[in-house]
Structures are given as C-alpha cells and as structure tokens.
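Heads up, the next two complexes both have chain A, just with different partners, chain B and then chain C.
On to the complex of A and B.
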C-alpha cells in the first residue's frame, strides 16, 4: 500500500476544476446565506408577528433536520412541485437556505448582545432605523459574532462535501470517482481529507487574523 | 404515502437513534482521554490531542466515513458497515466533545481549586467533588447540542450502506417514486427526535442546576 501521487499529476486539471467548484459554491452559499440570515434575523426581531412566526418555524425545521435530507427533498422532491433544478443550482440553493437559518441564529444572538443603551442613545440623537442598523448594530454585532461566523463558514465548507451525494461535480465527487476508477480509495480519500483540513485551518487562521485586526480597530476608536 | 411506508421509516429511525447514541457514548469516553491529553503537562500528549481534534473537526464527516470504510478492510479488518459507521462517528464526535470538555474544565474558577487545596482536599477528591461536577454542569448544554448534531450527521452513514432513516427514505423513494412525502416524513421524524433530545437536555440541565443553585 503506497501513496500513488502520480494520480494527482494525471488528474491535476480535473482536481483543480473540482476544487474550484467546491470553493465557488462554498463562498457563494456562505455569502448568500449571511445575507439571507441577516434578513431573517432582522425580520424576526423587528418584523410583524405574522412574519416572525413562520421564520421561526423555518429556522427550527432547518436546524432540526439533516442537511442531506433537506438536499434530497429539494433535489428529488422539487420536481414534483415544479421546481426542477440541476445538481449545481440545487446544491447552491440548498446550502444557502441551510446557511441562512444558522447564520440568522448567530445574528439574533448578536442583536441581543448589543447594549440597549447604545440603541436608545442613537434614538435620542435622532438616528433613523436604517442609520441605526448601519452605524450601530452592524459594526457592533460584527465584533460580537465574528468568531461564531468563522466557525459557521468553516462548517459550510465541510457541508459542501455532502453535495457530492446529489452529483454536484465538486472535490469529494471528483476524487471518489478517481479513487474508484483506479481502485485507490484509501489514497484518494486521505488526500481529500488533507485538502479539506488545510483549507479549514487556513480559514480558521484568516478568521483569527480578522478578529485581531478588527478588535485593534475597535480599541483605536473607543 | 401510506402508513406502511411511514412505519418502515419509523423502524429505520430506531437504527438512527441506536447508532447515534452508541457513537455519542463511545465518543465521550474517547473525548475524555483526548481532553486529558490536551490538558496534561506532557507536551507530546498535548500535541497529539490537539492534532486529533484539529483533524476530525477540520475534515467533513462524509470524507472521514468514506476513508474509514475503505481503510478498515485494507488493513485487514473486515467489519460490517454499521461498525465502520460507529467508529467514524465516534471519532468525529470525540473531537468535538473533547473541545467542549476542555472548555468546561477551563471555566472552573481557579479560586475554587485553590480553596480546595487550602482545605487540604486531595487531587482526586478535588477532581471528583469540584472540577468534574462544575465542568459537567457547564458543558451540559453544549453536549446536548452535540447529540443533536450527531443525530443529524448520522444521515451520512447512509452513504456507506447502513440502512438507517435517511437510507430507508431513499430506497423507498426510489421504489415508490414518492420522494417528496418520504423525505418530508423522514425530516419530520428527525425533527421530533431532536425536539425530544432538546427537552430531555433542558430537564437534565434544570435538575443539575437545582442541586447547585
């Protein structure tokens, strides 16, 4: 049993393309999930009750069920209600929906942690609601939720591997098909694990860097 | 979607619960060891513990399962896919639980340990009467979420051929051509199990908190 690194050279281009798919889906779903999650959190907190309740149910259902079941429901069940999506858009949509539920919870705890006095002060000096969100809530909350956001974004990267099950041509699918073509499962999955590991560590490192940068910034201005 | 189909899903969900429960318990013991390693004075043990946690938290569970599933027969260990699945899930949850435990033990107030030392309470008794109960109380909510996480993650063992809830829904969806109601029903069952776990967790937390108000 030896590591056949020759496989890496033979399939370099394919692996690189698959890595690109993983990376793009990860970044796109994380960004869209953050936007969606922010909207959900804002609507749940300041929206009317008939909006807040269904959103709460949405968040609970997404957080209470496996991502794999959600993606199966969307990809295989969708066509029965007129939602026929190819694997890649289905995967992107599914991961975005999944992410927005989790991100919204992070934003929600962030909102709760903002000192009430700051909001009252902003109200007193005549900030509009938009100004309050932009000038007080978003910057303060960013500091509060950043570590959890980094963790969630790392989780999103790991969840992209699950999209291989609905045949999204990302890294896990590509590497397993190379593995099965050459009957070199152990080698290919080891390399695959190492690749994810490196990316996760890199992401964690970037998060810690951003944290220290931002906290420095906050201290400089307070 | 008939009652017969739903019943098959319910039966399969027993396997989901059993595999998850077994993995959580095995993972806890492994995590206790890993946590002890991370908190020990020995540099090698600390490094090994941290490397273990970093690897199993830094790679997708799906990839870990696929790797273990193919690695075991390769090194001459032929086990049913259920065993491979439990090994994979235990290793993964052990990494998460070790981090949780480390956080719990790290949050025990130093003053209490110093006070115990002052009173002449030995290291073992300090651990048993002070550190352990406080750490358990602090980590209970996180351990409950970890149990819910692993229950959801157990859907991935369907990929290595274990017929649990998700795989049963998948097989039935393929044969009846009713994916929408079947996956929705499977999701509902997961939701109910998780709600039960969450409320049991809340009850246990209240119980434990009451003794130490």
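On to the complex of A and C.
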C-alpha cells in the first residue's frame, strides 16, 4: 500500500464541497458565537440580577461539559422537547451555543481589563451607558482580547470535526468515509490535517492583520 | 444666582462600609477662582473631588453647582431626595475633570479624544467637532500632535490633551485630581503652565495637588484636609503664613520643595 493522493483526483469535488461546509459552519458559528457571547457578557455585567444568574449557570454548564455530549443531546434529545433539527442546523446551533459561552467569558475578562479611569473619563464628558459600550468599551476590549479570540476561533474550527457524529457532511465525515471505503487511511487523514491546518493558518493570518492594525493603540501608560 | 458660589458643598459625608472617609464637609469654591485641596495621603481629597464630579455618590449632604443641586436636593423632612437622571446630566455638563492618570482613550488620536464627546454627546457634525477640537489642542500647544495616539505622546502631552478634551465641552468648572503627580518635573511644568493660563482666563478651578508652589501662587483659596475633615482654609497667606497650624508645618516639611520655599 503506497502513499497515493489519487483520492484527491477522484473525489476532488466532494472534498471541496465538504471543505466548504466546514468553512461556512465554522465562520457562521464563530461570528454568531461572538455576537451571542457579547450579548451574554454585557447582560451579565450590566443587566439585572435575574438575567445575570441564569446566564452564569448557562456558561458554567456549557464550559463544564464536552462539546460532543452537548451536540449529541441537542440532536438526539432535542426532539423530546419539540426541537427537531436537521444535522446542519443542529450543528450550527450547537456550535454557536458552545462558542457563545466561551466568547462571553473572554469578553468578560476583557471588560475587567479596561482601566476604570477610561470609563470614568467617558462618564465625565456625558456618555450614556450605550454610548460608552459602543465607543469605548468594545474597541478597547477588542484590542485586549484579540489574541485570545483568535485562539478560541481556532478551537471552534477543530470542534466542527465533532459534528461528524451527527452526520453533518463536513470535512472529517466525508474525507474519513472516502478513506475507509478505499482503505486509504493515511492519505485521507493527511488530507484532513492539511485542510484544517490551512484554515488555522488563515485564521492566524487574519488575527495578525487585525492586531497589526490595532497595535498603534497600545496602552501608553500605567 | 450670581451670588452663589460656583460650588457649594454642605455637610457632605462619604462612607465606604463602616469607614467614614468624608465626615461632614462644608466648602465653597468661589466663581472664577482657583481652589486648591491639600492634605496628606488618604485624607479624602480625591474622594471629595470625585463626589463633586458625581463619580462617587455621597452618603449624605448636598452639593450645588452654580446654584443647582447636584444629584440630591433638599427633602421635606430635613432629609434629601434623589434627583432625576436628566437633572444630574444637565448639572454635570458644567463640570470638566482631569485625572492623575490622564485616562485618554487609547484607540483614538489626540484629535479623536478631544472631538469624541462633541460628536457622541453634543451631536456636532464630525467636521464641526474636529474644528473645535483643533482649536482646543492649539490652546494647549498640541495642534501639531493632533493625529498622534496616546501611546505616541509624552505624559505631559497626554495630560494637556486630557485638559483640551474637558475644555472642548465648555465647562464652567474644571476639577483636577493631582494632574502632575505621575509626571517628571520637566513635564510637570508644561502642564502647570497650561493650568496657570486657564486660571488667568477666569475659569473656576478646584485642584488637588501636592505642588505647594502652584497652590500658593495660583490658588486664591487653600483648603487643607485631614482625616476627612477640613482642618484649615483660607488664602495662601493665611494658611501658609506664620504662625501656622502644626499639622500644616508637618505637611510642608514632607512636601515642600526648595523652589517653592521662596514663595512663602
């Protein structure tokens, strides 16, 4: 059995489609997870206690259980509470929920890291809470947590592979099934590794680009 | 209204839990003059200034800005009543504040820092706001640094931008909390000069400072705090001249530099 990348020629289109599915689910779940996570972090920080408490519990539960278990429960347990989703929407929803919890924690630490005086200065010149969040807190937090956000987004990519267990036609499922059909395990997993690695590199590159654009703003003092 | 002082503080108490940090402060800051708050570390200077800026809630007592009650008004049975947010916002808009740590927003240029509130809060167009901001930067001698980010400015320049940021909103009163305490002596001078010029324009100022020389030469009223109480107040000559309070002697020994000694 020689190392034969002829699989790529035969199944090029299928693999490309699966790559696209992974890419889209990853980007969509990350973007929605960031939005959800931001909402959770803001609500926990500035919302009333009756909102903050359940959200805290939500974050603890999501962070305290494996994603594999969560997605299983959502897909196979969902119908019992009237939530019957196809594999792709279930996968997207599951990953978004998972991401929201993690991103929210990240944003929360970001909020805490903003020097209190920067917000007091905004308060003194008459900013409302919403204006302060939009004009001061979000941009400052972003530059503080950007490296951690890139990290988390890379983890999100790797978690998309878990969606294969609920038969989302993403990279891992498609390529590994092609591999087993042809007894070409080494080849198929090499292709998988390269594909994920390319996406991780893309993410890292985007992160560095954003960081370099923000680097001028680095804190000047204390 | 012209008879009322710019700031009137009556019976202000501030507690953190069980500790009383301000124990019933009565203070008038005269209009168009510079009031300097002095006192040892932990005496409550910052707390008092922050209460006047409404960055801290007082536990009791009343504060008036230009005759208008700030945050709380007198209640019916001798107590006090909380005023609506719109009133608080309106009264606070008369006050500008500068901090020891400058607190410029790091993601905005000097021009951005100064024009931001004009756009966001006062609803100026970007163009109008930047024109006004440019004029303010000019006054503090930093027009050439308009496009620099805080990280690209010296501490003294940052503090001058912070002063311009506050002045752009045309406050009637400027509060300063140790504006030069984190600066080298060289940079301290450039900031004090800006403040001196501001005082000459007739701005009402309240300045917490350890710069005795500045307080003695620019201040028209010196207020000495100790343990949350006003220990002595009066003109620089009354407070620093001899004979003077033993506590002030002690304080001057700690903070007075040789340069300032000649002024007294």
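By definition in this document, the second predicted complex is superposed on the first by the 215 of 222 C-alpha atoms of A that agree within 3 Å, B and C clash if a C-alpha of one lies under 4 Å from a C-alpha of the other, contacts with A are read in each partner's own complex, and residues count from 1 in each chain.
What we mean here is this: a residue touches a chain if its C-beta (ideal position, glycine included) is under 8 Å from a C-beta of that chain, and two chains touch if they have at least 3 such contacts.
Because the structure is predicted, anything quoted here is derived from the model rather than measured.
Q: After the superposition on A, what does A:185 contact: first (chain B), second (chain C), both or neither?
A: A:185 contacts chain B only, not chain C.
Q: Decide which partner touches more residues of chain A, taking chain B and chain C as the two options.
A: Comparing touch counts on chain A for chain B and chain C gives B.
Q: Please indicate which partner A:164 is in contact with in the superposed arrangement: first for chain B, second for chain C, both, or neither.
A: A:164: touches chain B, not chain C.
Q: Which partner chains sit in contact with A:136 here, chain B, chain C, both or neither? Use first/second/both/neither.
A: second
Q: After superposition on the shared chain, which partner residues are touched by A:120: those of chain B (first), chain C (second), both, or neither?
A: A:120: touches chain C, not chain B.
Q: Quick one: classify A:19 as touching chain B (first), chain C (second), both or neither.
A: It touches nothing on chain B or chain C.
Q: Share the list of chain A residues that count as touching for chain B in one structure and for chain C in the other.
A: Of chain A, no residue contacts chain B in one complex and chain C in the other.
Q: Name, in rising order, each residue of chain B that touches chain A in their complex.
A: It is residues 54-55, 57-64, 66-67, 70-71, 74, 148, 152-156, 158-159, 166, 169-170, 173, 179-180, 183-184, 186-187, 190-191, 194-195 of chain B that touch chain A.
Q: Can you list the residues on chain C that touch chain A in the complex?
A: That would be residues 53, 55, 89, 92-93, 95-97, 99, 101-107, 116-117, 120-122, 149-153, 155, 158, 162, 165-166, 169, 182 of chain C.
Q: Hey, which residues of chain A end up touching chain B in the complex?
A: 1, 60-61, 64-70, 72-73, 76-77, 80-81, 154, 158-162, 164-165, 172, 176, 185-186, 189-190, 192-193, 196-197, 200-201
Q: Could you please specify the touching residues of chain A with respect to chain C in the complex?
A: Touching chain C: residues 115, 117-118, 120-127, 131, 135-136, 139-140, 143, 214, 216-222 of chain A.
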